[in-house]
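What follows is a set of structures for review.
One chain, chain A, appears in both complexes that follow, with chain B as partner in the first and chain C in the second.
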Partner chain A sequence: MERSLFARQPSVLVFIGLLALFTIVITILSEGFGLGIVSTSFIKILGKTLCLCLIAIAMDLVWGYCGILSLGHFAFFGLGGYMIGMWLMYERTKDIVIASLSGGELPATPEEITEAIGTQIFGVVGGAEIPVVWYFADSLFAQLLLVVLVPGLLALVFGWLAFRSRVTGVYLSILTQAMTLALSLYLFQNDSGLRGNNGLSGLQNIPGLTEVSQSVVSAWFFLASALALGLGYLVAAWVVSGKFGNVIRAIRDDEARIRFMGYPVEAYKLVVFTLTAVIAAIAGALYYPQAGIINPAEIAPIASIYLAVWVAIGGRGRLYGAVIGAATVSLLSSWFTGGQAPSIPLGFYTIDWVDWWQVLLGLGFVLVTLFAPKGIGGLFDRLVRKDAAS
Partner chain B sequence: MSALLEVTSISVSFDGFKAINNLSFEIGGQELRAIIGPNGAGKTTFMDIVTGKTRPDEGRVRFGEPQLDLLRLSESQIARAGVGRKFQRPTVFEAQSVRDNLTMALSNDRLPFAVLRYKPSKEDDGRVSALAEEIGLSGELDRTAGELSHGQKQWLEIGILLAQEPKLLLVDEPAAGMTLGEREHTTDLLRRAAETRAVVVVEHDMEFVRRLDCKVTVLHEGSVLAEGTLDHVTANSDVIDVYLGR
Partner chain C sequence: MLRIIFLLLAALLAFAPANAQDADLNALLETYRTKIEKPSRTTIGPVLDALVESQLPGVAVFLEKWREKELWQRKSDGRFFLVEKADGGKLMLIDVATGEQAGLAEKNDLDNLKPNSGVRGVIAGALVQFQLSDPDPERRLQALTALERAPDASHLSILRAAIDSEPDPAIKARKERLQRLLTIQFGSDQARRVAAIESFAGDPGVDARAALNPLLATSIKVFDTAPEGVNVARLLTPGSDIDAEAAYQLLVDAGKARPIVPLADRKQALIDNIENGMVAGTPVAELVSQSARDRAYLALAANGTVPPLVTREEQRQAVADHVFAEVYAEPDPVLTTAARETLANISGTVGFYQFLDLALDGLSLASIYFLAAIGLAITFGVMGVINMAHGEFIMIGAYTGYVVQQFIPNYTVSIIVALPLAFAVAFLAGVALERLVIRYLAHRPLETLLATFGVSIALQQIAKNIFGTQARPLTSPSWLDGAWVLNDVVSISYIRIAIFVLALAFLGLLLFVLNKTRLGLEVRAVTQNPRMASSMGINPDRINMLTFGLGSGIAGIAGVAIGLFAKVTSELGSGYIVQSFMTVVVGGVGNIWGTLAGAGMIGSLQKLIEFFNPSNTLAAQTYMIIFIIIFIQFRPKGIIALKGRAAGD
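On to the complex of A and B.
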């Protein structure tokens, strides 16, 4: 009795429908393509939020379904961003350099161009040479491939070492944090070849599309993010809907038992860990062109912990819970920390939300853990079930 | 004819305490065997060694035809080679349906990419129904395993084992916490299973062992104290001293 994905998981259809509706409405209201009611900066916030929802789905897959509490998926997200950022920055600098050198008597030689690009990009870290890691930066195709390959390989090697040694539970979480911290510290160094703490910037400018206004570019990125989220959701739903999903849930619930049933648990974990790292990397590659800048602080260990908090607040093991959690928390976060939330003067003290938002988030997390252990998604499920029962 | 499982002179100690002491054990291809012994005799540890959970300090464990050295295989490889195990505490996947529990256990390809592409076939559905029938859970296929009674969970676990089509079945205290009727059903299940494969049952309950009506091995302090029919071993004075006399 074979049934389609949608029959097995009706929520997938609902999710895709809502996402499509949301995307169309926002596009119509956008400055780039429509009525101009939704500002370009808000489109960017929404587009970035969709990317965060995508990495939250990855987190739900690896943690909510497979039980691996990875506190390192933002490292993959950041690496994805760096990989696409290299192309964006290189090509744009190249265009600028060529334009500025074209005023000379003789046409600039390739060496002169390369040298000028090197000085432009790496001057801030006292270099002029283009580091070897930028070898493919001239090729969009190669860098797109690296978006998938670099984080994918890192996850594969890390996962292979960790799972093979049967590192589980809190020890694995600590190990993923250590990996994240090491990567972030490495990138902070000026000689890492990725501009140290300056990171990569100007990523919102798409090479070759300098004539196109940001309102249009941001609308396209918004659409691309929505598409990626939709596809990511479908892939994740497909992965968890069949027997594979049952096996990884079984790994989460009783790893030893499923091993005695003959399933190579480590191989499953490795597949899920690597797949979700790649999804996270794709999300990052879409996020940072909308953010405009990436630097090593983005990969700080705390970011990956927040990711787990979003998924916990949204409700683990139900995919849409992760989306609800990520969207709610990140939108609230940008509202509170963006200076839009009115400060509350108490006379003796003024509650400034930029500082107090963190406290609010922490409290929210505690409340959800205490009163809705299945997260917002769990409350949601209860409502739906009540409806169905009545 | 050589034995299906040949355990030769295994020993294992935990922090200096010898849980298994120079134990040898053999079982043929279609045999039902009961292992009895007082608490801490090493019965569960013996199963841990055969299934790869615990590595012995010395000794050999050979299985199947051609012979495999089980000590060189991982838990999942041993399971795929044809050793199925039921744990002392019933462990089924409570969050999943009875059907999903059984489908996962069916002896299909277990590697991730094959499982990702898996589509339930008519044949597999048939096997699941037949198994459910066998373990008396036909009516519960679509219920969540967590909702089953204690006895039903034990049967589901036996069903999970049968689904794997193992050549050797290791069953640790299957009747614990069961009502009399449930015990009888369990005895039938195990005896039927032993018609086509080797089954080793660890059990404390003498009545249960009597109903199994098979050769009995008595373990004590990590080695074999006596072996034979139930009447034979219960007449043995050593056995009476350590086990029955209490």
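On to the complex of A and C.
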């Protein structure tokens, strides 16, 4: 008899419970809803971290379970951010433009409004025309659909090309990295239609909610991110727990053998690759309204490699490992680089963590790879097993 | 002919002793005394013309001294003199016309004439004809250069006169060429101009195109009927050759049609005619679309309060009633035809040279990629190890070069020292990485990738902490400055040639090491089958270490080479890492020739894309990467794929 997901994977229940508890506590403590102990900026950091945890789950699914070391998932994350950012920026600019034009002696015509929006948004890259890619920008529904469609299609086409020609292992990693680089270089151009290296900005202001304070908006986004993370975790756990999960794990361990057994390996890989790309895009669409700005530098190949680092440190092949890794490393990273970490005076030299955190991260990463290939999640496993044994 | 003799005489006599009739020059100067005393750019022309026309000897010397601010004027009678320093602080006067000494004078009795730079420029122009026949070839060349820079119709006859007497064949050829260029621009004889135009067929020089293009300058003109009496380049069909709106605007400009009231003016007219919240009977609040506004405007126009709109139909009719044509500014069709044909011919030649230039550019970029990637090809291809820190070894090499230059100020010596030192430093770093990290990750390529990435970010940050974020210079020796120039189209800088040579040298060196030495034999053995190799007495550990060191060391040398033309920063290497991986993957792993092919393909491809889209190198890189992704679809193992057992995964 088929047992339920939670019976097969008790850790899912634990994780969802902890996440719910964490979310409720933070919400009560937040400025927007309750006691105001947790500041709005910290809520934003937590909300963003939850989104990073979500993309880490996607990464774990594609790398830890299916063995595809993709160095391109941050490209999907960024694309998701761009898609939602277009709506946010367009609608907000439209509100501003209509407000400023309403002071004129004649009521504004649609043409005048469009022209003013174009100048407002694209003046910075020397344009006034609204590019074709912004065609749906005034429709939230369409842009939400694009959040899923654009990265999903990109992943589908790219994955189909790559898997079809049996590009595997490190070759695939390099190829995904090349894709990311190509995308970020393309977006860096001023005539890409997405404002070149200026990126999209002012995304923290939600159109139509101008009277609502940022503390409330940030709390809502925090809740949405937590919900998305919970759902994403459930989906991922469901995917890996069934027969599908067994097949993709088997592909990871011995691709040729699975192919000989008659499984369409490419199709499985393509499904996982595309599904994780969509999850990454949704994470990005939640992340960037909290960050407030997106530019092509966010998509640079290095970001995707950091993503792999988080998952590796957290522990591959364990969904909670990915979450732990992403949360720990990204929070530590913002703590160290934010200048809050105390400097260590050595007498002849003072270790300033703003400068040395990267070195610590890099070397720590080497050490984790060498000595703890299962990451922090592996330590957890060992503890749990000891408990079970005693 | 007579004129030539005169000019020759003038040039000769300018340096020869005096002659009786020369007294005239002083008289001539006397005529223009006030203008010479207070010269200005606008008034100096006639004076110079008169002087040159007079054909008098001594004029050249006079003009030259004047230009060099060495002309003096005696206060008592206003005569002009050249001077020489004499004893007792006095000046020895020298007659302008005869060149003879004319007695001593006190400095206070004389004025030194110092024309401003504008005037001096005009004088220099007049001097050209004397300089073109100067006995000193250096000065003739200077005069030619001056002429090339600022050609003028008046120079043509002077130049023609100065050709036959030219003894130096190289200068003569240059004079001849300039003469033809000037003939094209300023000549009066049609046959001669056509001959001059046609003589430039196949000439890639920029000056030839600069002389020919003005002949083909066109402007769009409007005619009521078929154009006559003008040199028509082509007739334009409104709507396809020329925008219908632009065509109407031309009609308006020519006064053949009523101007269109611009949108902004129409809006202003509506605003001006608001009465009690209404415009011509329409409430202001209803004017929310352009068509509503147009209706309101038409209503106003019907009242006669504003100028009427030009309807689309009217515009279309007006455009259809006229003929539009591109008309050459040059009235002679024979000339324009010759110029057009010659330019077409030239563009063929220029296209060939551009291709050559492009090929050189591609070759140079390819050699840079080759240098950056060959080390990676060795570690990746031979050991199957992805080294993400490879770019940082390039950076280490570049910084080694920078540090060496801090200690050795002579750039030539410092580069010679830096190359082996960069190899040594990067070699040691590579060996350390292999011993400390990669050795433990054998057969786990993805983990190796991530671990070396950790090393990469640590190294980058350490470099940033030591050297700061600002770019450090790595200066090339002065003999590498400049460029090798074939003609106006093809040129390549010496640094790039040097890098090309360096890449060739390393290609040869590596081929030698891998194919002809004991180490190479062992490396190949370990590549193909490490266990078999080790049972034959080869120590795979040692070989792996040396191979990794070798690959890293070459990256160090590549760093010095790249640092010579790029700024040395901590991000220097990471900019090349993806391209290097691409080079290796496209070329085919485990094969030096493959890397060469990959570098050649990527380098020339990138230059080719840049050629078609020169303003945008970012787009070029994007397209190139997309191309590579597609390329790998068709040849997943690269251009040169290993076959048989060596290819075993």
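Methods note: the second predicted complex is superposed on the first by the 386 of 390 C-alpha atoms of A that agree within 3 Å, B and C clash if a C-alpha of one lies under 4 Å from a C-alpha of the other, contacts with A are read in each partner's own complex, and residues count from 1 in each chain.
Simple rule for what comes next: contacts are C-beta pairs under 8 Å (C-beta built on N, C-alpha and C of every residue); 3 or more make two chains touch, one makes a residue touch a chain.
For clarity, every value in this text was computed on a predicted model and none was experimentally measured.
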Partners on chain A (chain B, chain C) - clash or fit: fit
Partner chain(s) touched by A:G123 [first = chain B, second = chain C, both, neither]: neither
Geometry of the superposed three-chain model: angle at chain A (Cα centres of chain B and chain C, steps of 10 degrees): 100
Which of chain B and chain C A:Q177 touches, first, second, both or neither: second
Chain B versus chain C as contact partner of A:G338, first or second or both or neither: neither
Which superposed partner A:G202 touches (first chain B, second chain C, both, neither): neither
Contact breadth on chain A, by residue count: chain C or chain B: C
Distance in angstrom between the closest Cα atoms of chain C and chain B, superposition on A: 6
Contacting residues of chain A [partner chain B, same complex]: 1-2, 239, 242-244, 246-247, 249-250, 253-254, 256-265, 267-268, 271
Chain A-facing residues of chain B, complex: 51, 53, 74-77, 79-80, 84-85, 87, 91, 93-96, 100, 103-105, 110-113, 115-116, 118-120, 125, 160, 164
Chain C partner contacts - residues on chain A that touch it in the complex: 69, 105-111, 158, 161-162, 164-167, 169-171, 173-175, 177-179, 181-183, 185-186, 188-189, 191, 301-302, 305, 308-309, 312, 355-356, 358-359, 361-366, 369-370, 373
Chain A-facing residues of chain C, complex: 267, 270-271, 274, 284-285, 287-290, 293, 386, 388, 437, 440-441, 445-447, 449-451, 453-462, 464-465, 574, 578, 581-582, 585, 616, 618-619, 621-622, 625-626, 628-630, 632-634, 636
